[in-house]
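To start, the structure itself, in structure tokens.
Each chain gets a letter, A, B, C and D, in the order it is written, and its residues are counted from 1.
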Amino acid sequence: MPNWKPWAREELAARVAQDIPEGWSVNLGIGIPTLVGNYVPPDREVIVHSENGIVGMGPAPRPEALNPWLVNASRQHVTLRTGASYMNHADSLGMVRGGHLDLCVLGGFQVAENGDLANWSRSEDDSAPAIGGAMDLAVGAKRIWVVMEHTTKSGEKRLLRRCTYPLTATACTKRVYTDLAVIEVTEKGFVVIDRVPGLSFDELQARTDAEVHGA
Amino acid sequence: MPNWKPWAREELAARVAQDIPEGWSVNLGIGIPTLVGNYVPPDREVIVHSENGIVGMGPAPRPEALNPWLVNASRQHVTLRTGASYMNHADSLGMVRGGHLDLCVLGGFQVAENGDLANWSRSEDDSAPAIGGAMDLAVGAKRIWVVMEHTTKSGEKRLLRRCTYPLTATACTKRVYTDLAVIEVTEKGFVVIDRVPGLSFDELQARTDAEVHGA
Amino acid sequence: MIDKFVRSVAEAMAGIKDGSTVLVAGFAQIGEPRALIDGRIEQGAKDLTVVHNTAGRGREGVARLIGEGRVRKIVCSFARSRGSVLFEEVYARGEIELEMVPQGTLAERIRAGGAGIPAFFTPTGGGTLVARGKETRVIDGRECVLEQAIRGDVALVEAWRADRWGNLVYRDAGRNFNPVVAAAGALTIAQTQNIAELGELTPEMIVTPGIYVDRVVHVPSGDPPVVIS
Amino acid sequence: MIDKFVRSVAEAMAGIKDGSTVLVAGFAQIGEPRALIDGRIEQGAKDLTVVHNTAGRGREGVARLIGEGRVRKIVCSFARSRGSVLFEEVYARGEIELEMVPQGTLAERIRAGGAGIPAFFTPTGGGTLVARGKETRVIDGRECVLEQAIRGDVALVEAWRADRWGNLVYRDAGRNFNPVVAAAGALTIAQTQNIAELGELTPEMIVTPGIYVDRVVHVPSGDPPVVIS
């Protein structure tokens, strides 16, 4: 038995939320990234954007106050913060591509040490996958943080020297939050800035294809 | 003394207005074209567009009802019709370029028999001219009607085999309203569809560089 | 008097030809012109190219159009999604062509179609499979992809309120693709939940000027479904 | 708490460097950020590239900026216009560079800058002097011109109402270039006639989301001049 425990999904979401300062505009991708919104304290003004033209989303609604016309890009019902606004889809993705969002938190399949991200398809032969807005977000946001499990369930590595899956965008990832560590993508490659308690550096390296560096 | 009289500016504007059917969306350029709006009967719903983002302009305001924030592209104070709306400048010119206006009425310096229009500069050496929205309108509107005097004050011809002034757009003009005639631009060139009373076909040809054809 | 209202979905669909390119607005069932899509099916046109954010979910809307074999090609950003069963069946049989487009590129291509921009470079998709077979160019150090405008022979939208000029406003997240799709159709057809008198929609409120809209039909179909996942 | 309001025009101008590209919104004096332009003059930055619909009229605003010798290059759709006296003087002395752009291309280039589109083809200017020296391509039978996005180091806009998030609405024809200019600045500064409490500007009303805006200064300068010609 290892003397360490991976961070749970909720812990990971809370860890990411903790690192988002007041005033940032952010887009939260499908999966764990969406959970991040629940861990931003309500008194910290973070402006959450959704591809379908919402600027300033709030948390999930109480059932009695649910608005059927208001969903996020994952088709979950949401609320608006005071100060929110609507845009059309072209203007909304233009805001993304134009570099106006401080941060986008995305899920990932693989991240390479040069920042390449693969998160939409597991094979070139996957003929009918889902791209959605991931490519626009990956090239457009000022920072991309990727949240994913450090390895696959069967133990395959996901932090790689080079991605083997089709890319979402090149050299876009700035930071990776896994269930084992928080890793910056720098000019020298992966730099570990946090680890789950009890996990040694060597144990982390053993689960990582590319070289990991100390901070 | 000739036994005919050129149409006055107001007659010309009224003649153009008469030819605009209900329901058309139109942009009216600077000069005589702007006057056209005054001759569209109020009960005929014609939707007048202005480059600065107005859809559905009405006539000039009564002085006591003047809104300082509401001007057309010629910086004349205007009113709105019921049903009017505002757009930003990119969307407004996108509406133009995208082919959504039924008609644009423009002033002109020269029109060629293939429909080429010159209306922004009298020389390649004019280093600081005014383009404005004319090029966008000329390539974008479904039809371009040009309103101009048939010759210059000194008698130089303006309906030409080829324009000598820098072009606004190629092959865009569908019809020309001059103070002497109404002329369609067709595959065979200029076709006269109306003349001022008393003006003979030969007298019109004598004032026109390109060949004019009977209807 | 300008009056773009027609009395029925059937009347709204009149004259649409086989082989048309049909743009369908809506995102995640919100602001989706469901009655018009169903009207397409009744009206019978086939061999269509459909442009929509997804290949449909379940057995309704765009998915039903695909399931009935009316769609030759689908252009979308999500082909596979939860419940895209009909698409998967038809696709597995090789009976539909698929063009996958990043969502922002899809919205921008439709916006370009409406705004008379024939083609544009975008960094989205640079260095990925999306760039394969397309013209690319390095601009400011980034690989950009040349993307073509999309225009529809027909564009289908859903409004919250519409007046007789065809001026439209949308409700909440029902705006999404609607304004860009409305501007990109040679024939733009709107279904609207509510009818407004001319002038009730003020100049500042109007999102889609009626110039973009050809026909409006009143379909008070009510709220989109609530899905709790 | 997000609060983008600053107390003075001088504070709004802080940190702007010589050699900057400055986008200035407004059309025919309506929705023109006059106080901010004057603030540029006080602040002293020079060697500017100014992007504005005109080269200014009379001796105010952009014309004054040019007259004071602060502008290295002007990008506009109207160089010569009634009252463009200061520009004509400076231009005749060869002290300013001029780039003439069709108005729709100017608006679209700024919009592209804000929307992350580095370049686009447009039919506007095809076959004319505007195409000279530019890459062209025949698309669907028409000569189209490749045009580059414009981004500003600084973007100056005038709003009718603004809230502390920087959300903006405009008044009547004061909208014009403002929303596209606001989106295309690395540093976007708004002067506003009125201050709104957060929430007074509803989600449907807001034209420019505050994400695009960095600083807001309250300048209740009143109505633009009435000109009867």
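We take it that a contact is a pair of C-beta atoms (placed from the backbone, for glycine too) under 8 Å apart; a residue touches a chain by one contact, two chains touch by 3 or more.
These numbers were taken from a predicted model, which means no experiment stands behind them.
Identification of common neighbours of chain A and chain D yields C.
Chains making contact with chain B as well as with chain C: D.
Between the CA-based centres of chain B and chain D the separation comes to 29 Å, rounded to the whole angstrom.
Chain A and chain B, compared by their mean Cα positions, are separated by 55 Å. Here the spacing of chain C and chain D, counted between their Cα centres, is 33 Å. Those residues of chain C in touch with two or more other chains are numbered 108, 111, 115-117, 122-123, 142, 172, 203-204.
Among all residues of chain A, those that touch two or more other chains are 86-87, 90, 94, 96-97, 139-140.
Pairwise chain contacts present here: A-C, A-D, B-C, B-D, C-D [touch as defined]. Taken in their complex, chain B has these residues touching chain D: 50-54, 66-71, 73, 75-77, 86-90, 92-94, 96-97, 121, 124, 127-136, 139-140, 166-170.
Residues of chain A that touch chain D in their complex: 22-23, 25, 45, 47, 49, 55-56, 80, 82-87, 90-91, 94-101, 139-140.
Chain contact summary for the complex, chain D toward chain B: residues 27-31, 55, 77-81, 87-88, 91, 98, 100-105, 107-108, 110-111, 122-130, 142-143, 170-180, 207, 223-229. The residues of chain D lying in touch with chain C in their complex are 108, 112, 115-123, 139-140, 142, 144, 169, 172, 203-205. Across the complex, chain C meets chain B through its residues 1-2, 111, 113-117, 163, 165, 167, 183-184, 198-199, 201, 203-204, 206, 209-212.
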